[in-house]
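First chain A sits with chain B, and in the next complex the same chain sits with chain C.
== the complex of A and B ==
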């Protein structure tokens, strides 16, 4: 044990033999470790926030849809709707889930001064509120009420139509849409429909998808005679555990498999053409954007790591070369090869450790304001119509990732130690007598 | 000794720089591994810079071209009112109310820098009897524009996949490939839709699909119907007027100068925009500084190796420094010995980096990358084609080379200076 302590103090003293060199090598490692920690926290922050916002504002934990609808879901094929939805929703509620039926379709909103194409969500306000939280973010006005022709608009649509509820009265709009329903023979029938409604609220939630060109309208008036004659058809039912915590990601109990099991336990079996899909099945655009960012950023940082490791390799190579004579001396005095290797590994590991430590410290220091305040990208985000995959409206924040912070320091130390092995082995191949005479 | 010194100076200084290079070259061979490590590090950094530059420039190129082709031309002219409400593409605010397109064109072509002028109308349409419910109607000179510039920027073609563009005034349209796939529409079918005219009335229209285009620009392939300008002009009750004019110049760089001239031709109610004022172009240009910082960090971390080498070399050869000083080398010359060695290292490294980067970007410019891989088909608002061609240019290679050498040289000057403070007499005894 004693020898190890001696080797360590030897390594430490060796580091101070060329201070400038040590400092420069350490700086290289510190910069790469610090940058890596910063970038990782940034990406993680965006991912976590996006996932939370998708679940809490957009999808819930799972959706029940027809298989035929799911396959074409990007086109909003409302003719692949199903009915009745009430027994399913009630069974889900008995099984301990919150469920919300929706009819999703696209249409055009007209006001006196303009028009905007929107996606309309026919919702049951009471039930929707139990599954998703965007109704808590009505920026102006209030949320629509059951039984009335009232709609809530996304912020982007409201701005486009110049609807300003903060300083004004609810505004009357006309919704024009083409309803596609399948007739008995399975042929899609298009019916042109126009309904009048009043905009009572503007929604601005942390998830950009709820604030875009979208409108929310009570499902019961849509289905009725004065609406779109939907006859109880819906395109999807959103599901979330009724006791889900705010901001939590869906747990095991909310997976499609568990939901199906729970439904069977209350004695309900889902019609064969319906399927339960997890929220992950709906966010391909987000996953793609996140993956693209992850890969490109990580390749960049990896290159930087390689550069700083080259620095360590260079430093150790030179240190060992210049001390060939000393190595000969140590071996002549009885030090084993293993101990020589260990002493140089310790020296290199110390460089990695100090550099990694400083990097961890720097990365964490930069992280503090990034986690607490974030960077405001709202102007760019809005110019893109909030269409960039990530579900964050304005503030991009980092998140702490203790694993990466610890791991990057450890990896830097270990890799540094390993890098010292080849030059040491080379020096050890030289006979002791030769190395003693080496110049 | 003094005389010898003066002789030397008369001959143009002591040691000439080719001699330094030879010394530097020989010294590099003294420790090959170290030399190789340094060269690899610099090469990596230079390669990274060149590759990133080519990538970013490739993206700029397509974004700028998309904007020039589909959005603003070199210069776009609209009415002030339209500009204010351009979000929903109103047709109620024609450019220079009462003036005909022909008259405006006549005035514009008198400006010598102007190469071509096209009238355009863009408006939203609600589709009837279709699973796709909205589309953008783009009224253009369907005879002039496809032959004037490339609509498919990747293949450099007019972008037609099948069929043809409608003739002037014809009751016909062409649609995008993704749109056709979604709706199942084919050439020869009718495409009924509704637009809102300049008098706010609903106009129903039923043109025949005569062609299907594929521009490799998602926004258009998925949701744009191209129709003859004059037909749309009549349907929207615009008279002889137009919603916008796009102007193409002989030299795309003269935008700012010509803009002023154009403004004088039109009344003050007109809004004139150059393509460089597009949000995305401006945004990308402003982020150049950020990239410079990233490249700088890479290059500096790579230079650390060279700095280390110089520090070590001076230490190792301290006896030689004493010898050189004793034999009459000035301090300046001794510093140069070490500086040139460091410089040679960075030049060799940068050369390797340029070779690597040049090869990689050349390959990237021949074999375009499918951008869907990176964006997953999201980002519809982003004005970029679905294919990225890396920008291969000698300018990027040259800049990467010079940047690499400049940063390394700056970083190595200070450690080399250290050799000047060594006393030859002391050094000889070490």
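== the complex of A and C ==
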């Protein structure tokens, strides 16, 4: 072991032979590692926040839908709704879950000042509150009440329709929609319907999907003749564990498999045409955006790493070339090939370790304000209509990722060490006498 | 049996398709405690012979035995270990490691041998004292004169008490006064420690110090003298 300690000491001192070159190489590694830690933490923060916001404001942990509806879900096929929903919701509640029935359909909202296409959610306000939290973010006015033709609008829709509840009374709107119904032979019929309602609230929650061109209206009023003529029909039931912590991602108990098992334990079997789907099955836009960002960031960081590792490779190549004679002398003294390789690996590893260490420190220091305060992109995000996949409206915060912080330093050290092997092997192929004569 | 025996030792170098016979069949025996100079003009094969005996190069033909071991049968690692345990080298250009102090340079062979640190420091200090550099142990090579650096190189070669020390033109880079001092030192150590010294030279003054003188010419032994 003593030889390793002495080789390490020698490697450390060898770094001081060309201080400027060593400092430049170390800086390259430090910047790469620091940037990687920063970018990873930022992406992780955005992903964590997005996931939390999807679960807390948009979907819950799972949805129950008809299989036929799920396959065409992007078309909002109202004719694939199901009934009755109450026994399912009650069974879920008995099994320890909060459940919220919904009827989702599209329509156009008209006011005296204009119109806007919207997606409308028929909801049971009391049950919806137990699953999702967007009702806590009614920016102006209040949330709609059961039994009344009242709607809460997303902020974008309200702005488009020039509805400002802060300065005035609730505003009357007309909803024009097409009701799709299936007859006994399975043929889809279209019925045009107009619903009059009053806008009582504007929603601006941390999830942009709740603040867009959307409207929330009590489900019970939709069932009747003044609504959608769909007696007791819903298109989906949102599910969340009744004791789920605020901001927590769904646990194992909230997986479709566990929910089905819990329903069976309370003696309820889901009808065969219904299926429980995970929240992940509904956020392809977010997954695509996150994956795209991850890939592009990784490519960028990989290029940076390649550049800094080329710097290390060059430094080691020059060091080994310059010390060919010294290698010959060490071999003449009786150093084996393995020991010579080890001595140069230690030297290169030290560059990686020092650079990686500084990078870890820099990345972590930058992370502190990014985790605690983040960057406010609210105006830019709103300008884009909040349509960029991530479910964040304003503050883009980072999140700590100890694994990445530790691993990036370790990888920098190991890769640096490995980069010294090819030039050392090349030097070792030279006969000792030739090494000794090398100038 | 000698400490080193060579039998019909040959070494060829081929450059641009031309083969040069650096050694054309040398058979010699060196006994323990010898203080021998290998002399001859440039290109006579002195350095090549020392390098082959030191297992730094591989012969084209013939045999070398060191303490009875045929080195031609050894692997790269075994050759490295043979050099580590049995042979000390002194080079014309000193070849000290610039980032290490004199003491650290001298203790390097002991480190390779796994000698405990405390003992290695003690022995290295003694070796430096033996070459007259007891006070300069903390200096780095660039802070020393050529003569002092060569003394450090001698201390490094001797500190592990090898059975054989090979010195390739050890005084070629030194002025004649320093060169004489170095040779005196080598002779003293040869007598006091019984270490076998083989050194190459083409300097007549250096030859005067040798008790056995071997003349090489064109890769062959031209003559031998015993003093």
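We take it that the second predicted complex is superposed on the first by the 438 of 439 C-alpha atoms of A that agree within 3 Å, B and C clash if a C-alpha of one lies under 4 Å from a C-alpha of the other, contacts with A are read in each partner's own complex, and residues count from 1 in each chain.
The rule is short, and it goes like this: contacts are C-beta pairs under 8 Å (C-beta built on N, C-alpha and C of every residue); 3 or more make two chains touch, one makes a residue touch a chain.
Here the structure is a predicted model, which means the values were calculated and not measured.
S.K.: Just to be sure I read the superposition right, which of the two partners does A:24 touch: chain B = first, chain C = second, or both, or neither?
M.R.: Only chain B is touched by A:24; chain C is not.
S.K.: Using the touch definition from the top, say if A:60 reaches chain B (first), chain C (second), both or neither.
M.R.: The answer is neither, since A:60 touches no partner chain.
S.K.: Can A:433 be said to touch chain B (first), chain C (second), both, or neither?
M.R.: After superposing on A, A:433 lies in contact with chain C but is clear of chain B.
S.K.: Applying the touch criterion given at the start, work out whether A:13 contacts chain B, chain C, both or neither, answering first, second, both or neither.
M.R.: In the superposed model, A:13 contacts chain C only, not chain B.
S.K.: Going by the contact rule set out at the top, does A:337 touch chain B (first), chain C (second), both, or neither?
M.R.: A:337: touches chain C, not chain B.
S.K.: Considering only touches as defined above, state whether A:122 meets chain B (first), chain C (second), both or neither.
M.R.: After superposing on A, A:122 lies clear of both chain B and chain C.
S.K.: Is the number of chain A residues in contact higher for chain B or for chain C?
M.R.: Counted on chain A, the partner with more touching residues turns out to be B.
S.K.: Mind pulling up the chain C residues that touch chain A in the complex?
M.R.: Contact set of chain C toward chain A: 51, 54, 56-58, 76-77, 80-85, 87, 89, 91, 93, 95, 97-100, 108-109, 111-112, 114, 116-117, 156.
S.K.: Please name which positions on chain A make contact with chain B in the complex.
M.R.: That would be residues 18, 20-21, 24-25, 27-28, 31-32, 35, 75, 77, 79, 106-108, 114-117, 160, 176-178, 180, 188, 190, 192, 284-289, 291-292, 296, 300, 303-304, 306-308, 310-311, 313-315, 317-318, 321-322, 380, 383-385, 387-389 of chain A.
S.K.: Quick one: which bits of chain A touch chain C in the complex? Just the residue numbers, please.
M.R.: 2-3, 6, 10, 13-14, 16-17, 325-326, 328-329, 331-339, 431-433, 436
S.K.: Hey, which residues of chain B end up touching chain A in the complex?
M.R.: Per the touch definition, chain B meets chain A at residues 31, 33-34, 37-38, 40-41, 44-45, 48, 85, 87-88, 90, 124, 126-134, 182, 196, 279-280, 283, 294, 297-298, 301-302, 304-305, 307-309, 311-312, 315-316, 373-382, 415.
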